[in-house]
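Each structure below is given as structure tokens.
Across the two complexes that follow, chain A remains constant while its partner is chain B and subsequently chain C.
And then the complex of A and B:
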């Protein structure tokens, strides 16, 4: 018999076992379901983002119509919210990551950004609690269990059926046989995970490199669990003991160590600056009403000399003073905001470091990184919001600091997120 | 000694001789103790931090200098959701919701700085709490220890021997139940140590604690029944193990994640942008506060003038600007309430759908019992959001009333350089404003919220009991 025929024969044997074929079908079903769920979620997010312009136009044109009467740039800046959004990447369907709990749409005004940038969107916390059912979950959590089902009795099963000795004595038996059977099971598992993923990824226009990287990741992760099963098998325990030991290992590696590490990391790097930023910012911003207005302007012009040739303040209220103290408020808490961000990055870096030794965490980190759905991606979105907010400020300041009237048409000149 | 107890003792002795089983059991106990200690200290730290922040915010509010009341409306106030003592057992959605909120006039802000956005990706693997250990890990240990109790006897032919020696089928099954049940009790006990710590804290309520303990008792009892049932039904112990593992994966790992997706797709939520735009639209339809000739506000002005029986706003004994602010706040708040209710109700419908899927997964039911009785479920968070909004409205309206009564209309609209000082109201007023105090749910409310989940568990228990009774009758029949 040639190698091909041998494999065919083994395949027939494999599918004759009800447990094996059922397991593979179940894994296929779960993979496809998880991908469909991921696609549904990403489509929902895309639809939400696509619905922004209509709502935004309605909102802004209503504001523009009454602003147009006095043409006051301060009121225009104060009342206009500008949308920002974080489009899901083509690969986001495979690993939703933080996109279910972090906003992917945020409207900001030219007022203090520190009081706006940490806002969230509406989501149901009870639905978010157990975590998303996406491809990453099927791969990280469920696939190892299928490895256990298919591999726990690979050799021990034959031993218990008293066929092992005969099989080892056969030509191309023994090691070669176990290798063949292992490769076959491994290949089938990989195929069941990889085929639906690759098909969807191609439809979603994911590039070849990320697809290849994920296909290798799937193989490597499965290989880790197959290797673990092979190690346990060398102890020559019974099939039952193998299954119990492997599932205990799964429990420890996939559930217990990550949760323990989470406690340890959050303990090691406390992040409490969030509320401090919000409260300190509010204190500085509203404290401006109690200090001479010239002090506020002086401090503002010192940091932003670009506007310092503006007319001095008159006795009346002027919005340029109002916006200046809002910006002063942001700048006063900049160190805390940086520390806050560093805290988050520190926690993330520790978790990633754990990923190098713990495959479950490593795969999850890698998938959410490639899919652009992790903390790094969230912070990058915040950076884009910050840059856009800067443009917004400069746009309105042109009018505010030089007392240029702000009419209906000027609303169309406002910077738009995503274009530069 | 009765046959049941003899059989149970033999089974336990066998388990004790199994080194792997003993190690697994010891590990579970250690894990539970770590979970109890870490969840407890986490809850203490958070509760203290939030209390400290709340005090700082209150004193910052009270310390405000002489100010125009409308400035105070905009300077706003920070409030914090306190964390009840039972959160040390099951923090529920606490990490997934923001816990601090900024309250100000004419705006409803989100609760911010939730742990889930501040933690590494590990947070999505689950939180190490006593509830997590009991819901997820304990059943798996019971499976490892109990899958073979009957299957093994049948596989080795010892079941026939037992029955021939005169032990009744019910006695054999009863003995096995007693043995696995004893392990379940021992496994659940360390988590109850957490209760002892919690019970010592102020605000720890007895009835909810008993409800939670009862919920987990039912849940573990159900697993004991299911394990013995599967072990009685299948021919080989390997099949029993695999079948139970599959049952565990599907009900404990898979369905709790799948159910929210189903509910989320069935009941969509409006996002914040759409809600804000809709509120602005409704507000414009009611009246345009920026238009001096708007019919709605014109009518409001007329009604005020009539009420005070004067001809112009200048003649009013109160400041018309303050009255206008109160009217505006009342209008926006009504819309906030309306839209918030719509969103909360949609979320409750989603949760209700998930709860019904508990018919398929007792892990979903026990989780909802545990969170509901601990007051850490969505309903608990909604309590906070509702009370926060009520407090925000009350505070803003008191400040607006102060503007109406303590600031004169002439000063309020004056534009001369000295007007700003004349408009200010004495600082002593700020400390007189009410502080936010979260009113937690009562003991009875918490316990009542857990009833649907408890019923679901009882239903499972009855079904599993009936199935086991029928399997017992057929036990040992040759195939």
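And then the complex of A and C:
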């Protein structure tokens, strides 16, 4: 009874302080807004993905009739685009992660794949700098500021108002009082962040385990900042000095160190740009026009003996040669593509390791990992594209290398992304 | 000497901040139903005496007891027996007088009803119109009355006061002294520290002079005039030694 009564009084005291009430309301507003922004982004992506079948039918219909006239499989393979997509996870609304800078829909042709994949790397990097305004952003970057507002004067404020002695002289004052007030503020901050998140996550059909994990993550991250505030409060500085010190700590731990660490990791693990792979790929592909066609076919058959029983090239243009040098182009840059991927994974691994000592980095990495919006998810999507593209090539090659006519009905037999 | 019925007792107390002794063998007892004024200049050890009773500071040697409890060992238990009024009564400006009282009493594990709080405010002389007003516009005297009402409601055997009439106007001081006498008559042991001899002489049953952490004089009220203030002043001055020009 006593503890509940005290909590009731502490709540009244807390909400009568204008700065505290406004801070909590502002954090609630930012949390809800960030979640709504995340939902809007995810809904937009889902709508784009949902529109794919209709658009695909329209595209294929536009070429199917004239393809059907001369039944050339090369034209069918060359002119038809096939969509791939990366469906957002139910939790993507909370941490958009790489989904706002990396493509979540890629329409591929049976041509050289690397250039198609890495053309997506030519986004404006400035757009990626501030990051998406999502729940992860509010938690990682903004929530610590609210901890500072609510905790910087927890004890020092009472000292400065000359109430500390009065409170400490009461049986349930002193340390128990500071613990109670800390717990209350901590609980309110957690609630303001957790309640909108949990409600939305349930609506989005997120499983109980990821929700629980994120709720624990929110609590742990807040606890880190509350602990830091308590540590600084033990120095018995003024409230202004506490606030300044905590703000500096925020600047260092949330902005400066992660940025410097990112620069250091990027320098330690140099990675070529994806566009360089695309360009190298294009150079090999375009160079094929300058070399004897037989050389191209020889190289292709050496790597893909499955098609080597195809008729030799005649004097006229044949699409199988064209597609062969495209595939040769992919294979020529395969080591670069592997190195690029390993470099990205290496950087990601270092960033994750940094997360063990830098909570802001760790929380961000954890949220995007749980939400399936991190680099791992992005690379997994690329893997799915590559697997699909291989099926696509093999489908068209059956027609191309054996000179089988390709009618409009054959489009229906083309592999579909997402189906095996 | 400490009487056997002393509710507050300190014996041969030595308290030092670093190497500097603040209480230097202090022995003092305050019986129930009495008001003892502890008088002394700055640095005499008055506030440290209160801090020791509240368990805020640890003695280097000696014994201290509040209703038989050693505050150094069990400060929370000792504080349950003590109502403490600091020199500057600082309460929460954004709460009303009643809400302040409710909160401070909740921190004392008490939940009195609104009527009891109203009666205490009335006893403390706080005008009824002010009870449900926020403290932001209260004078020091009015704040003091809120705090004394809380002390009354706590109904504890010990009341510690730190410069209670400092900054109060004469009328408010008279009201406060009258209230203090009522508290004493209820059987509370009151220990007030002050540097104001006249204020002490007005209300105390006994005045203890403190200098450099030691008792230099101990005078009990006597007869209808209680204290001979001129004589007290002379003793006080001689105890403190000549004042440098």
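Criterion: the second predicted complex is superposed on the first by the 404 of 420 C-alpha atoms of A that agree within 3 Å, B and C clash if a C-alpha of one lies under 4 Å from a C-alpha of the other, contacts with A are read in each partner's own complex, and residues count from 1 in each chain.
Simple rule for what comes next: a residue touches a chain if its C-beta (ideal position, glycine included) is under 8 Å from a C-beta of that chain, and two chains touch if they have at least 3 such contacts.
Not measured: the values here are computed from a predicted model.
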Overlaying the two complexes on chain A, which is it for chain B and chain C: clash or fit? fit
One more residue to check, A:133. First (chain B), second (chain C), both or neither? first
Geometry of the superposed three-chain model: angle at chain A (Cα centres of chain B and chain C, steps of 10 degrees): 90
Tell me the contact category for A:149 with respect to chain B and chain C: first, second, both or neither. first
Report for A:409: first if it touches chain B alone, second if chain C alone, otherwise both or neither. neither
Is A:5 touching anything from chain B or chain C once the two structures are fitted on A? First, second, both or neither. second
Which partner chains sit in contact with A:169 here, chain B, chain C, both or neither? Use first/second/both/neither. second
Quick check for you: in the superposed arrangement, does A:258 touch first (chain B), second (chain C), both or neither? first
Between chain B and chain C, more extensive residue contact with chain A: B
Can you report the least C-alpha distance between chain B and chain C in the superposed arrangement, rounded to whole Å? 11
Under the contact definition given at the top, report the residues of chain A touching chain B in one complex and chain C in the other. none
Where on chain A does chain C make contact in their complex? 2, 5-6, 9, 12-13, 16-17, 161-163, 165-174, 177
For a test of understanding, state which residues of chain B touch chain A in their complex under the given definition. 20, 24, 31, 34, 38, 42, 49, 53, 56-57, 60, 65, 67, 71, 74-76, 78, 80, 92-93, 96-98, 100, 102, 109-128, 132, 136-137, 140, 144, 148, 237-238, 241-242, 245, 249, 253-254, 256-258, 260-261, 263-265, 268-277, 280-281, 284, 288, 290-291, 343, 347, 350-351, 354, 371, 377-378, 381, 415-417
Can you tell me which positions in chain C touch chain A when the two form their complex? 54, 56, 75-77, 79-80, 82, 84, 86, 88-92, 94-95, 99, 102-104, 106-109, 111, 147
Where on chain A does chain B make contact in their complex? 19, 30, 33, 37, 40-41, 44, 48, 51-52, 55-56, 58-59, 62, 66, 81, 83, 97-98, 101-103, 105, 107, 115, 118-133, 137, 141-142, 145, 149, 153, 239-241, 243-245, 247-248, 251, 254-256, 258-263, 265-266, 271-272, 274-275, 278-279, 282-283, 286, 289-290, 315-316, 343-344, 347-348, 350-352, 354, 360-361, 364-365, 368, 374-375, 378
